[in-house]
Structure formats: structure tokens, C-alpha cells
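Look at the two complexes coming up: subunit A is in both, with subunit B in one and subunit C in the other.
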Partner chain A sequence: MSHKVIVPIGPYHPMQEEPEFFQLYVEGEKVVDIDIIIGYNHRGIEKLAESKHYDQIAFLVERICGICSSSHPYAYVLAVEDLFGGEANIVPERALYIRTIIDELQRIHSHLLWLGLAGHFIGYNTVWMWAWKYREPVLDMFEMVTGNRNNYAMFKIGGVRRDIKDEDIPELKKMLDNLAPSIKMFYGAINDDPVIKARLKIAGTLTKEQAIDWCVVGPTARASGVNIDIRRDEPYGAFLMNTIDWNVVLEKDGDIFAKTMVRILEMEDSINIINQALNKMPKGEIDANVKDVPPGEGIGRVEAPRGECIHYIKSDGTNRPVRHKIRAPSFMNVASDKVAAVGGTISDATLTLAAVDPCYCCTERVAVINKADNKKIMNGWDLVRLSQEKTNKIKEGWPNGRPE
Partner chain B sequence: MNMRDKIKDGLGNKIKVWDERSARRIYFTVEPNDVYKSVEFIFKGLGLRFSTASGIDLPEGFEMLYHFSFDKAGEVYSLRALIKDKKRPEIDSIAPIFRGAEWVEREIWEMLGINFKGHPNLKRLLLAEDWPEGEFPLRRKNES
Partner chain C sequence: MTLLFNYLIFPGLLFSAVIGLLAGWFDRKLSARVQFRVGPPWHQNFTDIIKLLGKETIYPAQSKFTFLFSPYLGFLSAGLVATILGMNLRSSASGFNGDLIVVIYLMLIPAIAMILGASASRNPLASVGASRELKLILAYELPFVLSIVALIIKCGGSIQLGKILELQALGASNIASWSGALAFIVCFFCMQAKLGYPPFDIAEADQELMCGTLIEYSGLPLAVFKLTKAVMLYILPVFLIILFMGKDTSLLFMVLKYIGLLFFIVLVKNTNPRVRIDQALGFFWKVPTFMAVASVILALVGQ
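Right, the complex of A and B next:
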């Protein structure tokens, strides 16, 4: 007799940017198959973009995602600027630096958000509270630079909309200096903790071959040893000038621990990048005042916190695009859960599905349903509790919380 | 040999149009029947990463664009194929070559109604279950 049970995870929560519905097929504790159903939040933005003029679309695509809300407008303006022969061709140098500062600030706040939730899922609520506490000053920096904590409205074709005031720079640097030690602390706390290691080391593994087969991007790919980062491979913004000293973070194990490490180390890098950009930013114009968009095709790519975000624009020379294709990084990453979660246990599933950094709220609406009678046996909090209990079990098994 | 020459060399006379827009943007056209073999060569043979694919409804047919990223040089190679049959558009699926194409093709199938022959699991991805059959949101039937 088969004991296969379906565990639905998802789909919808008004606060998340990408609602997903995961249907886990489990036998006992083990996940044997997974169905991923998306589309609950499909708003037809590609079609809508065809009816907006070029200046409006930057605002439209900013609303695709509330967490990486600079990646989409950035990829979009790069796609349009590709029609002018590339960003370097028309955008003033100061604007290039400002673009990178916004983009890297966003990476820090997005990774901190992820880290907090990952901590919560494994029962480390201190990590959760701390990560979100240190995310606050990052949002404050956004407010100083752009006037908004989210949806910054900074990007426009040919430049940026607001300048960074000289008198703000010392304050921004001070805030960054205060942030750096806390990121280091997270690195130490997670790297030295045997329980976290035991919990994350073997779960949700995506091998390099699988990562290539599923075409995953960003930290999900880099944690599996796939050496890609658009910031280095096809430089944009301040990276065009070759004045920024930084490294691509690479891990090879492909498990959740590797994904965590990649994100933490990337935050350290981002702080360095912003500091260097603030130092090296020249004086001058911030906008090229582009009037007409020429006909043709353009592709723009940026390294969003979750990986390569790519926009394609086909223009016929009017003030609206003929086609606007958008591919967000999670589109490729979420699909790979199909291999990362299968073979693991239910208690690891919430974490594995979350490890690619889709949106998190989806996993709050979790239910375990017995296939035979459709009876709900667990809800979302039960699953999080299950995950936290597993961590506690590891702790209890070790006297003094350390392996013998 | 750089990547351009490798692709030109490997695909030979399959390439009908070769268009280098800029240093990092290369577009080339093949016949729809050659797409599967070309993609297999580019992905498996040359190891380029598949970024995404997109379809466009044009007056002369449905145009498919497959974007491949050569990350070592930061170049994007876009393979173009025009499906001329607007009544029953179909093309070989590339999902049997690598799993990453599965969702991308499912999206194009439901949005534009292009049938991907040989796709392992061609079902709706984004549209609601009660969305009417045969209605394709990205087709331009209402515009002249």
C-alpha cells in the first residue's frame, strides 16, 4: 500500500512579490516529488509596457518586485540604452556611480531580509531579529539618497533622477561603517555554529551539473560553483570604469550553507563597493536628457540580488516599445527546486524552497494534506515549527551544543 | 578561435542572417527546423548559458528569439527563427536538451499559442485554470 501524501505549500499572500504554490509529494518524512505552480500574481506587465511610453515604463517595471525594486528599472534602462550603443555611450559618469550605489544598497537589504527569514525557519529567531534590525539603517540610507525606503524611482533612460548631495556622503559612510561589523558578526556566528552547520550543510543540494542544466543564476548558481556574475561578465554602472576593487564570491557545495555564505560575503563586498563608489564619484551631470528612442532591439542585464535579470526591448522608433520581454532571476531559480527538494525531508523542505530566495511569505501559507481524505494535517506554522524542532533535536543530541 | 567563429563554424550554412549589433550583442537567424540542432550545439557543444527565450507576434509570423549568454566575455547571442504558419504555429521544443527551458516554453505556449513539439510537460504556467482555451494574451488579433 502506498503512503504517498501531498503537501501543498502556498500559494498566496498579499505581501509577497512572487506567490508560488508548491505541492510536495511525500512518503513518510521523505519528499519524493514536487509540483511547482506559479502565476498567481501575473499582472500582464509585458503587455502593459507596450501601451506605455518609454519614460513611464521605468516606473511600471519598478513595481514588478518590491524587494529588488532597482534591478528591473535598471535592466530596462540598460535595454533601451543598448539601442544607443550601450550605457557607457550616453550616461554621464556621475550617474553611473549613483546607479551602482543604489543597486548595491539594494543587494544588502535584500540579502539581510533573506538571512533573517532563513534564521527564523531553522529556529534561530535572534538571527531573524538582528538581520532585520541591521536592515533598517540600509533603508534609511535609501531614504537619504532617493527619498524613498522602497521603489526608489531613481532610474531613467540616460541617467538618474536625483543627485547624491555632498553633505550626505559623510553620513552615508558612517552608516556603512556601522553596518560592516554586524555583517562580519553574522559571518562568524553562522560559520562557527555547529548546529547551523549540521542543519544547513547537507540540505537542498544543487550540484554544478544540475545548476547548469536548470540554467540557474545568481547566488543559487554561485553556491554550486557556477562562476557567473553579470557585474563582472558584462560590467555596467560604476563597474564600467574598472576603478572598483571587488571579487565574485564562489562556493562549490551547492547546499543551503553555501548559499548562505555566498550571500553574507556578497554583503561585505557590497559595502566595499559602495564605499569606493562614494569616494570615486566625479562631479558633473546626472542625466543625458534623451529625447527620442531609435528603432532596433536592445538587451539589458543586471546582477539582481537573486541573479541575472534580463530585459529585451524591440523598438520601432515610436515612443512605445513593440515588445518588452522581462525575465526575472527567480523564474530560473525556483524551477530548480524540483531537484533540490526531492530526496530531502519535509522538515528541510521549507528551508530548501526558501534557499533560492524566492519571496518568503509564500511559505507561511503551508498546509499538509493527506491525499486519501483531503484532510489538512498541518498548517504553515506547523511546518516552520517542524523545521525549528529539527534544529533543537540536533542541539539536544550534543552536550553543550557542540559535537563530541 | 573566438565564440563568434565557433558558432559560425559549427552551424555553417544553417545561419541565414548574421548581425553583430555591437561588441556584445550578436543576433543570427536560422530556419525553425534547425533550431533544435543549433541550440543543442550552442548549449551542449559550446557550453553557453541559456538566458531566456521570447516570442513576438509579427505580421509575417511568430518570431522566436533564444538568448544565450557567453559569460566569459559577457556576450549575448540571440538565435532568431521565424515561424511563418500563423494559423498553427509550432516549433521543436528545446526542453529535452536541458531542463531550464521547460518553464520558458510553457510561458510562450500559453501567451502566444506556439506549440512546442516534444515538450515533456506542456501545460499552463502563469494563466489561471479558468482562462478560456484558445485565447492567447500576447497575440495581436485586436490590433491592426
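Right, the complex of A and C next:
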């Protein structure tokens, strides 16, 4: 037996845009085990949310993740609206359609972003640049509808903040029509390229049983043949009305190629859904102007681009939640690397880690502090004080108070 | 004295490095245009090298000599190849018998130097990179040498670059025959791997190994490695031009052929993802090796 070598991926690595740490235990090129260490970027958002009032939290959770920046506020408002008896009970119909349009636009932009990154990870920078080029018009659409390219600030409890203007709709449709052929092009290019196929097929396979065992969600699960999609299973937004014709995309292989295909086909679906929603959107109010949040517990579930995003709210009737709990989809998906990446080569493992479209800023949890050896638990101010003390100590060593 | 001038300035180290860096800019600019980007200005590669010269050199305490020596080993041997090729282009009589064999050996040394340096750095990522580079050498050297054997047979057993050039100048370019064309295609694949360009940039693999073999290098040694890569980008296409397209070696035609070859290298680079090392090995031992064998047979029957 050869001895195991640890190949570190992280805490800072060009492959991952966020801090996280994967330790690959390798024998030669083969990965025999993997350690997943997260928690480098914890921001305490759940705790922070408990100190803000309901209207502010929508803006706060929007900033959990820059890519799913409509899924989190959507799941949050759904959770609060659950206290009023559900989204359908209070939100005007037009607002439901606008919410879905935003949510699906976000899916397109997120999947295009992932597609580009996936291209980058297999060393195919042309795909990277092209995918991101075609992502630009999607961001332009966001700017047109919401005024922002990211962090749309559209969701509020009981409705949306901005209406879609009638004169914008033809322009939006034109942009969507222009986008559709480029997504078809990606589909063709990836399906026809023998080198890409050789690289992505079989690599990082997650079987259906494993997918169910590890509770993966979203495209990762659907690529393994697990038929789940919150949009169908527990409809929200425009899906409540049953007026939109769409299908859940399913693949059965569970490898990286299947995950890519699911995402590309979902983009086509999303374009379809947005077009239908733009057509069927009724005139009317966009906001229900809710005032007091009743006491109780509410849950909001949204199919984010990466899978099911859950927000839980407990209210005691004041203007702040007593408890706000978030479970982002990557938290479930990242863990599945433990089975998907082991057994492959290093090249496959790095791809597999990226194939679940991990989003670490959604996933962060507090690190556990070992109480046994009497270590002090520090809060934010303690850390600031510690860092200031250290800076002062360093400064004392400098002549004239400046670095040499 | 002229020998030293030839080696250090023209057509050796300095000249080939400058041409290589310019070719590197051509590569970056063309890649950028393919990818809807603007691309860097022409002096970007020179600026990068100059910047690296001003940086601190960090080396592992246990293996200082090997670590710092290997970049120069690769660079100097690449420069020697540039000198031999350049002298042969200037006058075909200036070569010596067997310089083709010497060139083939010397062109391998930059890769060996990379492995040496990476192993000396004691970094796990570098060691993975070094093992990949080693496997890649095993993969591409066989078809590369075989296709050159085909060419030697084609040229009547001559192992002197000048003779091969003379033969082509009198008759037709080697690429115009069946065996020559096949051997050229094989050499093109091998060149892509020798340059470490996609789809065979497996040893460096930015996204997996963070530049693998080069990960621990900084400052001057890193600059020397970059220069070696630049020189390789000059000598490999020129080597192929001499062997396969040596009909007209006037300056204008040389430049045109060189840019044309460079264009194809960059296109292949930008339209392929990186393959896995086992796939690369399988590819080289299956497809190009058999093509090279076929080329040898064709050369033997005089095609």
C-alpha cells in the first residue's frame, strides 16, 4: 500500500470562488477519501434577522447569496405569508406572476453562471466566456424590471415592490427570444463534443439510491433521477394558478454530464415559463399592504437554482421574528461529494465538487468550539478588540510608528 | 566568440525568447478575441517577465540547489535548440550530422527540468503535477519519435536538419506526401502536449492543481520557466516547419508559416477542454502512435 497524500483544495483555491476546504486523500491520482470542512465565512445572519423587523429581513436574506438573491427573500416572504394562511390567501395575482418571472430569470442567470464556471473547471475557457456573455442580457432584463442587476429588492410581505411596465413586456420577450437560440447552441455544443463527453460522462456519479440517502436536492437530485421539484410538489407564485405548462426535467445517469444537461434544459424551461407568465399576467394590484404579522410558525419553500431552499419563521406577534431558520440547498448537496468524488481521479474530484453548484455563503454554519480544554468563546467585539490589540503590539515594534 | 553570440543573442536565447513572448501575446490576443474579450497589449508578456524579476525568490531550505537550478537547465537547453534550428535556417551547411537527434533530446529537457523542480519543491500539488508531466512525456514521446523516424526514412536516412532542408528545397515539402502529412498531424498533437496547452495542460491544470508543477516558484526562477515556455512556443513550430514545410525558407514565408501554425495551435487550445491524464495516455498510445506507424510504413513504401 502506498501512503496517502493529502491534496488540499482550499481554504482559498482558484477553483472555488468562496472560502471552503476540501482535503482529498489521494493514492497517486486516485481519491480514496475526502474531508469537507466549511465554516470560514459565517456571518450569523439568522441571529441578525431576529434583531430586525419583518420588512428589513427581506433585504437582509437577499444578501445571503449573490446568485440566489431572489430565492432567499422569496422563501422568507413565503414563510411569513404562511402565518397569514398562505401566499394565495393575501398576495394579489399580478404579484404572483411577477414573483415567478423574477425567480425564473434568476434561475437562467444562475445556471448560465454555473455553466460558465463548469467550462472553466474543465479547462475550457471559451465556454466560460461565452456563457457569461449570454448571461449579460439576463442581467439587463433584471435591470429593466427591478432596477438592479443583482440583489433585486423585489420581494415584500404581501406582494412585490415594483410593477412590470406594459411597455417593457415586448422588449423583455424580444430579449428572451434572442437568448433561446444561444442556450440551444450550448445544448448542441456540449452534446456533440466528444472530448467534453469523455470528460464528463461517468465522472462523479451519484446513483439514485445515493441521492436519496444523502438527501440531495434540486438539479443534483434530478440528474440522478429523483423526481423532486418544489414548483410542482408545493406550488407557489404563478404555479399556484395551474395556468403554466411546464415539465420537471429529469435525467437518470447522475454523472456530471447529466447535471449539465438538467441545468441547460431547465434554462429552456425557464424561458418558456417566463414567456407564458408575461402573457398570462393579469392587471391589478401588486401589493396587499399587510400590517401586523400574527403569532405562529411559518415555513417557506422555494425551488432555488440549486434546489430546495427552506425558511422557517416563528413569530410572537411583535414586529420581529423570535426565530428565523434558513436551510440553503447547498448544505445538502455539498455533503454528497463524500460519495460522488471518492473513487475518481483528482481531476474528476475537483469537477465533482463544482458540479453540485456549491454556494458556500448559503451553507456556512458556526464552527464548534471545544469546551473541554476551557477555550474562551468570543463574540464579534472580542475578536475586534483582539485584532486591535495585536495591531498595537506590532506597531510598538516599529520605529516612528511606521513599518520599515 | 561568434558561437557565444549565436547562442546568447541571435538566433539563440535572447532572440527566441523575444519571438516566443511575442507569439505568447498573439496567443493571448487571439484567445481573447475568440472569447469576446479585448486581450492584453503587445508588451504584456514582457511586462510580466520584468515584474517577476523584481519579486522575491522563495525556495525550500532542503533542496535549494535542485529547485533553483532546474529552471536554468530547461531554459538553456531550449536556447540551444533555438540556436541549432536558427543556424540551420541561415545556411544548411552550418549543421552537423545527427543534429536532429540532439534537438529531439534537448526539447525534452525543459519538461524534465519542470519535473525536477516540482519534485524538489516538496509540495503535494507539485508532486501530482510532476507525476502527470512524467506520464504525459511517456505518452507523447513514442508517437513523436516514431513520426520523425518516418520522416528520416522519407529523407533517405538523413539525420541532419540541413540535409532535410536541402532535400525539400530541391523537391517538394515533406508535408505534401502521405507519410509526411500523417507524421505532421501526429507531431502537431505532440507539440500541443509539449507546449502544455489544452487539451493537454494536465500538469499545470490551473483549476485542479493551481499551476501544479510551478506552484512553489516565484520571482526569477518563475520568470525563467515562463521564458522557457516562450522559447518552446518558438522552437516547436519552427522545428515542425523545418521538418515538414521546408520548401521555401525565406524570411517572409517563414513568418507566414509560423503564424499559420501558431493560429492552429491557439484554435485547438481554445476549442478543447482539458482531458484527464489517463485519457491523454490512452489517446496518444492509440491514435497518434498508430498514425505514426502507418506513416513509417508509407514512408518505407515510398509514398
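The criterion applied here is as follows: the second predicted complex is superposed on the first by the 349 of 404 C-alpha atoms of A that agree within 3 Å, B and C clash if a C-alpha of one lies under 4 Å from a C-alpha of the other, contacts with A are read in each partner's own complex, and residues count from 1 in each chain.
The rule is short, and it goes like this: a residue touches a chain if its C-beta (ideal position, glycine included) is under 8 Å from a C-beta of that chain, and two chains touch if they have at least 3 such contacts.
Since this is a predicted model, take the numbers as computed values, not measurements.
When the two structures are aligned on the shared chain, A:I310 is found in touch with subunit B, with no touch to subunit C. In the superposition on chain A, contact of A:V195 is made with subunit C only, not with subunit B. In the overlay built on the shared chain, the residue A:K174 is in contact with neither subunit B nor subunit C.
Contact with neither subunit B nor subunit C is seen for A:K393 once the two complexes are overlaid on the shared chain.
By the document's definition of touching, of the two partners only subunit B reaches A:K47; subunit C does not. According to the touch criterion, subunit A has no shared surface contacted by subunit B in one complex and subunit C in the other. Contact residues on subunit B toward subunit A in their complex (touch as defined above): 21-22, 24-25, 27, 49-52, 54, 56, 65, 67, 69, 71-76, 78, 98-104, 124-128, 137-138.
Touching subunit C in their complex are the following residues of subunit A: 5-8, 13-15, 26, 28-29, 119-130, 133, 193, 195-196, 198-199, 345-348, 350.
Taken in their complex, subunit A has these residues touching subunit B: 38-39, 42, 44, 46-47, 82, 85-86, 212-216, 227-228, 230, 233-235, 296-299, 301, 308, 310, 312, 314, 322-323, 325, 327, 331-332, 335, 338.
In the complex of the two chains, the subunit C residues touching subunit A come out as 31, 34-37, 124-125, 127-128, 131-132, 198-199, 201-202, 205-210, 270-279.
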